[in-house]
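What follows is chain A paired twice: with chain B in the first complex and chain C in the second.
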Partner chain A sequence: MKKLLLLLSFSGALFLLGGCWDRTEINDLAIATSAAIDQKENDQIELSLEIFLPKAFGGGSAQGGQAGGQGITLVISQTGSNMADALSKLQGVLPREIFWGHCKTFVFSEAVAKKGIIDHLDFLLRQPDIRERAYIFVSEKKARRILEQKTNLEPYTGQALLEQTDFGIGMRVTMQELDEMLVSRMQSAALPYLKIKTQKKSEEEKFRFADISGVAVFRKDKMIGRLSEERTRGLLWLRDEIKGYTVSASPPGVNGVVSVNPVSVYSKMTPSIVDGKWRILLTIKTDGVIVQNSTPLDFFNPTSLASVEAALQDSIETRVRESLEKTQHQMKADVANFAAEFYREYPEEWKQVENHWPEKLSEVEVEVDARMIIRSQGNLILPANEKEGGEQW
Partner chain B sequence: MEKGKISSLQMAMILYPAVVATAILLVPSLTAQYAKQDLWISPMLASIVGFVTIFIAVRLHQLYPGKNIFQIIEETIGRLPGKLAGLLILFFYIEITGEMTRGYGSFIVNTFLKQTPLVVTIASMVFLCAFAVYGGIEVLARAAQFFFPLFFIPFLFLVLLLSPYFQVHYIEPVLADGWVPVIKGAVVPSGWFAELFLIVFFLPYLTDKGKAMKYGILTVAGIGITLVTANLTALFVLGPTLPTKVYALMNASHYISYADFFENLESVTMAIWIIGAFVKISAFYYVIVLGIAQWLNLSDYRPLIWPIGILIVEFGYWSLPSSIELARFESRIFPFYSLLMQTTLLIIIFVIASVRKKGRKKLGLSE
Partner chain C sequence: MIRNVSKLLKHTKGQKSKKEEINQAASKPQDPLYPNFNDNVEALRSIYKDCSDVIFRSFSLFGKTRAIVIYMEGLSDVQSLEEYVFTPLTKESTDPPSSLSDFLVHQLPVAKVTKIHLLADCIESISTGNPVLLCEGQSSAFSLGLAKSENRSIEEPMAESSIKGPRQGFIESLQVNISLLRKIIKTPAFKMRSLKIGTHTQTTVTLAYIEGLADPTLIEEAQNRLNGIDIDGVLESEYIEELIEDNPYSPFPQILSTERPDVVCANLLEGRIAILVDGTPFTLIAPVSFASLLQSQEDFYQRSIISTMIRWMRFFFLGVALLFPALYVAVTTFHQEMLPTALLLSIASSRENVPFPAIVEVLIMEIAFEALREAGIRLPRQIGSAVSIVGALVIGQASVEAGLVSAPMVIVVALTGVASFMMPRYITGISIRMLRFPLIILGGTLGLLGVVMGFIAIVIHLCTLRSFGEPYLAPVAPLQTKELKDFLWRSPLWMMNRRPHLTGDYNEHRQSSHLSPNPKAGGEAKNRQE
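Presenting the complex of A and B:
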């Protein structure tokens, strides 16, 4: 009798093993891969989601041409008074439950960014199933159009943007990092800026694609301007985020250009306050490999190596200065996060300028100490175009 | 009544998750709200409460060997006041165990099982714990011993996997606003350290009473180190956004991503939490039923398990209207409530007891 009861209770427990209220089957989910937020009239916003189409993916290899571009994803939009409202309307038109776990790209249109993004961010950060690691972008025109672009190598735009960002040429900002920028003392932020570019495929066929070009600069949570690609590089040197990007310079007195790939970059900001003057010493140490040399310089000669290094250092310094000129002085946005540096070293002095930091920021003097060390010159000892001095065979 | 015996090490393995389980998820952001980047100093200050609690509990037990806490209280402050104090302690434990299960339940419901009714998560956990309590102290100890590595090692892994994302510079400047915010921040974790009061219920059942002090102190040190680690991990990953999060380590674990597929590790955090919560709730549940049996001089505590279980579920479900209220309770009320009912009470009893003992010795009276 006792055994029978035990057996019954165990079998009863089997029914619980299937899970209960929260079971979700994969075929009940609409997997969102990217999201876009656009501004509409009357303070309305439009939320667009790129939804993964499982059928298109499954049959992709058999039907060949199906995969790529819109074949694999679907973009749908709804308008609402805020994110939550638009999302609930979106859910209303979808037969499956929206799943956020794979949504790794969020695009805000410039119009939204100019009005302020903090309210939208509140929604995104509040949901437990939206990833803090998702990348955030600002798009020049309509954000929905970014999602609609065709891609060639990657299955859909969201994925293409992710891979491109990971490559490290532009800026990379995750939702968590954006949140950190917005709540921290710098009171400003920078997000990668997307443009839609057109390239001719053939005479009549044009190919459009989303391109990361520069950054959008924010004061508090409102976009106030943008930096060109060149100035973005300067910003990346400042923020110690530069990766896989070639520096070129031509040494004084010679024709041609030497290009170097940074292998490792280390940059550091050292704040100092002397006699009420706020200063930042920026040290950038770069180890590089020569990838192209169109000058006649022979690097066995230490002086010519040093002159190339000096020229490269100047080029890095110019980049950084140009980008600071724009952000620090014109926009008064602390995108390089000087605030944290000063607060760390001088918490007492910081408290006095806390309330008027953007004004104080433009008074901060920046000294750039760029150091470039060439570690290797690739597979060539002498330049390919060497003419003078070299013996002819 | 309880014939089982456990070792001091097993006791330490019950006490460690009993304090840490809820603390690692809630303490980092609650402490950060006051102490900001100095939040790692706060648990060190708070651990003083733990050391005091352990020290007094073990000393008290040495003064009255073989007696349970209710007998000790009755001997020191008299029968009626003693019974009243005992009732207060028991009521406190039923209430906070309810709140603990509520914390567990609302964590599960808020982050994972959003459609599941809260009462289901609470009741199923209490039901499970009831079985562990039914097994007695030895089963409880064995379960804790079994779960300890399952609790501790994933936590270490979580910290290790997060370490590449550490932005160590967030720790500076140290003590920019002086000691006051740090001390304010220490109040919250000290409420958790006061929970080490549980040791008084386990001391009479130790096989190696001589090691109780040593393992007690080790437990406090272990908890202190764990909380400092958890706080630093959350700070290094989340930086200035830390005070805005409810479950900081949970948000931090979202951040792990290796090779594009080894990610979404919040289920690990959830597993740690559930294992810890199980040991924690079981330990408190056991202490409540054992305590009531001792307080009423019953011969067995087992008949009390089911009715008390229902009470715990009631307290968990009805005592707080929302998870906002729960967070407020955890940060504003619980630390003081916990310190008052556990450490402060213990200090008072200890002072009275040692004065009385000394007085008796002076008069030359035997026990």
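Presenting the complex of A and C:
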């Protein structure tokens, strides 16, 4: 019995003598919700963190007070020679341990992106406690300003960016995907591009919001340009990521526009090398729902439906071509990842062009086969401007 | 190591009991009654020296023979004694019956008159409340069946109330309890063996089973374990339970105790045995599995789909009751990245002013909760409710408002408390509640790793447990896929055609297999009859 007690107390002490070395109470954490990296002079960078302020967060405590309005986060920044340096300085000014586990958005300023982001990524990917599924953005101006802007619907900026991205309007790239792009054969990358837009709320007040509809294009790890909103959409069709967009087209011979929401999109690239000519066949199949129709067309008529579908197909093809024109030919960046397709089908031929892929890329001929099928026309049978044309339902 | 210790204990216990047996034999009057009336009375008088409640009432039988009635005040029906014994026997009669013994046994208007020949039997008869009649010139005594006991009326069981189903509960009288069982199971195959346990209390303990359903080896084993008990007194069935269970060190009950006759009968019908103890409404049932501790009698009194849903809820809340506080502590102090961001932020803001680490916070709250529960049970009912109101206010509201405890912690503790009361058997709930504390400490020191380690240890322990030799985790380990129909869900009654494996193996057939009600069944049944 004595031995048993001894054993029990000994093993019990083992748990406690460890000192719970790993233990951190939640109120000893400075929870970072998003981070921004800006370029400074002399190759210095500025790391800004959006830190959650638990006291300001009304929550359940009876203190109540500042509901909404005053932010529940604080943006704090320090300059350093690299991320690690800046971070250690940041930790120096904070009384709590910086906790990366919930930092789901990282914003690089355009200046940083142009100098190359691979060194910063090295830091981010090396830390075990930084989420690889965090979203990465490039901002037009100072990245810190993105964090500082007041959010309206969401409680803080990180959350707002996250939700906006998940909605599928712009591109969505996680840290892991970015890493994969950078080390893959495409030798280029694309990241969502943030712009701050302002809108007047009243005479004095201005209302700011981040617009994520553009794309920053990278060759290797350096940003070389950006795509406009329209071209971004073309890229999204290519990458099979389109979600919340509306395609509009006017069928030939009639006035007005038909707008369609894609319900499901399927896109596929088929590479071929015929007589030394590199070609890609791009098949995009879209099922859509009509959301607005300002033409007099009646979609019960199969011929008018077909003409609308044809017009929409053309519209999709144009978008895709426009964005390819910009990226493939002007920027020579393989953001659509043709490289992987060729490598998979023609590994031998690929090896020969591997070293000058950007040049070869612009020679690749692209054929677009866009197909649009309209599955539903919504609740209206006839166009709303068709007055008493047929039976009313 | 534990095993060695227990062996050692058993050894010493065995030696002791032998000694006691010797002592007992010396003090117990096993001798037959003396032929002389006076000697007998003297012997009894000396045995009952200083027992003020034993009445020695001498009178003369038909005005001629000396006689004495010995009974215990309060245990015997004095009114009947006067009316049916003294009145006819003290009549001065001219012609006394030729054979006094025959007269007493056959003509006295008392339901049960037995002739006894041993002094020990006299003592037993007196102490159970049956007056003993000694007459001059008779070598034997007569035990008159005039015992009277004050019983509580049969009420709804306090610890196991139900909405649907019989509302009778056992009471403290063994005879009444047996009659309640006999009212349900009328077959003569329902057998009972009684024995007396307790050197001083001489408590009647009855082993009940249905012949042909219960495995004879199981009955024998139970009988052996009961025979092995040597204790001074049995006040409650727990005394028996602790002395006959398989693993005395386990926090889990290996014998089910219930105060519902219907539960006992259901178990008897599955080939189990019941042990009834005089003086307590709680009856023991063995062997049981962990699964049956998670079942309530009401599972079988309502529609199977509803019972299934309730069982799943029970499984879920079993996990909550055991793990929730430990997981909360582990996640909030070690693995903050596992919480959804919004949840983390609201926990963070509510923990802002709390002075204690999460593990201390949860221990304070859990211990306070246990204290409240205990206080509420022990106190008289009127004060009990006051305690719970004060406790709810202090624990729930004031401590949060004072910033001593965070609001999410109160929710965790409250939910855990409710979950532990979800267990249909009170004893299961207690062992789960107890095991929560080591898990909390493991969670607070080693994080999720500790919780998982603790949980695995519990599961391993459960796997090694046996109840009267039957595996405790059956039908899950060892896996009996056919038995899962009464564990993972509750199949309709017409599907449970066989008795559960292990306890019901001796006689598997429970019912015929065509019981599923359907439109055809009526016709088929007719055909079969024809």
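Heads up, the rule we're going with is that the second predicted complex is superposed on the first by the 357 of 393 C-alpha atoms of A that agree within 3 Å, B and C clash if a C-alpha of one lies under 4 Å from a C-alpha of the other, contacts with A are read in each partner's own complex, and residues count from 1 in each chain.
We adopt the following convention: a contact is a pair of C-beta atoms (placed from the backbone, for glycine too) under 8 Å apart; a residue touches a chain by one contact, two chains touch by 3 or more.
Please read these numbers as outputs of a predicted model, since none were measured by experiment.
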item: Touching partner for A:292 - first (chain B), second (chain C), both, neither; value: neither
item: Partner chain in contact with A:344 - chain B first, chain C second, else both or neither; value: first
item: Dominant contact partner of chain A by residue count, chain C or chain B; value: C
item: Partner chain(s) touched by A:176 [first = chain B, second = chain C, both, neither]; value: first
item: Touching partner for A:33 - first (chain B), second (chain C), both, neither; value: second
item: Partner chain(s) touched by A:132 [first = chain B, second = chain C, both, neither]; value: first
item: Partner chain in contact with A:52 - chain B first, chain C second, else both or neither; value: second
item: Partner chain(s) touched by A:283 [first = chain B, second = chain C, both, neither]; value: neither
item: Partner chain(s) touched by A:101 [first = chain B, second = chain C, both, neither]; value: both
item: First (chain B), second (chain C), both or neither touched by A:184; value: first
item: Those residues of chain A which chain B touches in one complex and chain C touches in the other; value: 20, 22, 101, 131
item: Interface residues, chain B side, partner chain A - complex; value: 110-117, 120, 169, 172-173, 176-177, 238-241, 244, 250-251, 254-255, 257, 263-264
item: Residues of chain A touching chain B in the complex; value: 20-22, 101, 125, 128, 131-133, 176, 179-180, 183-185, 340, 343-345, 347
item: Contacting residues of chain C [partner chain A, same complex]; value: 1-2, 5, 332-334, 336-337, 341-342, 344-354, 357-358, 400-401, 407-408, 441-442, 444-447, 450
item: Complex contact set, residues of chain A against chain C; value: 1, 3-4, 7, 15-16, 18, 20, 22-27, 29, 31, 33, 52, 54-55, 57-62, 72, 99, 101-102, 104, 129, 131, 155, 159
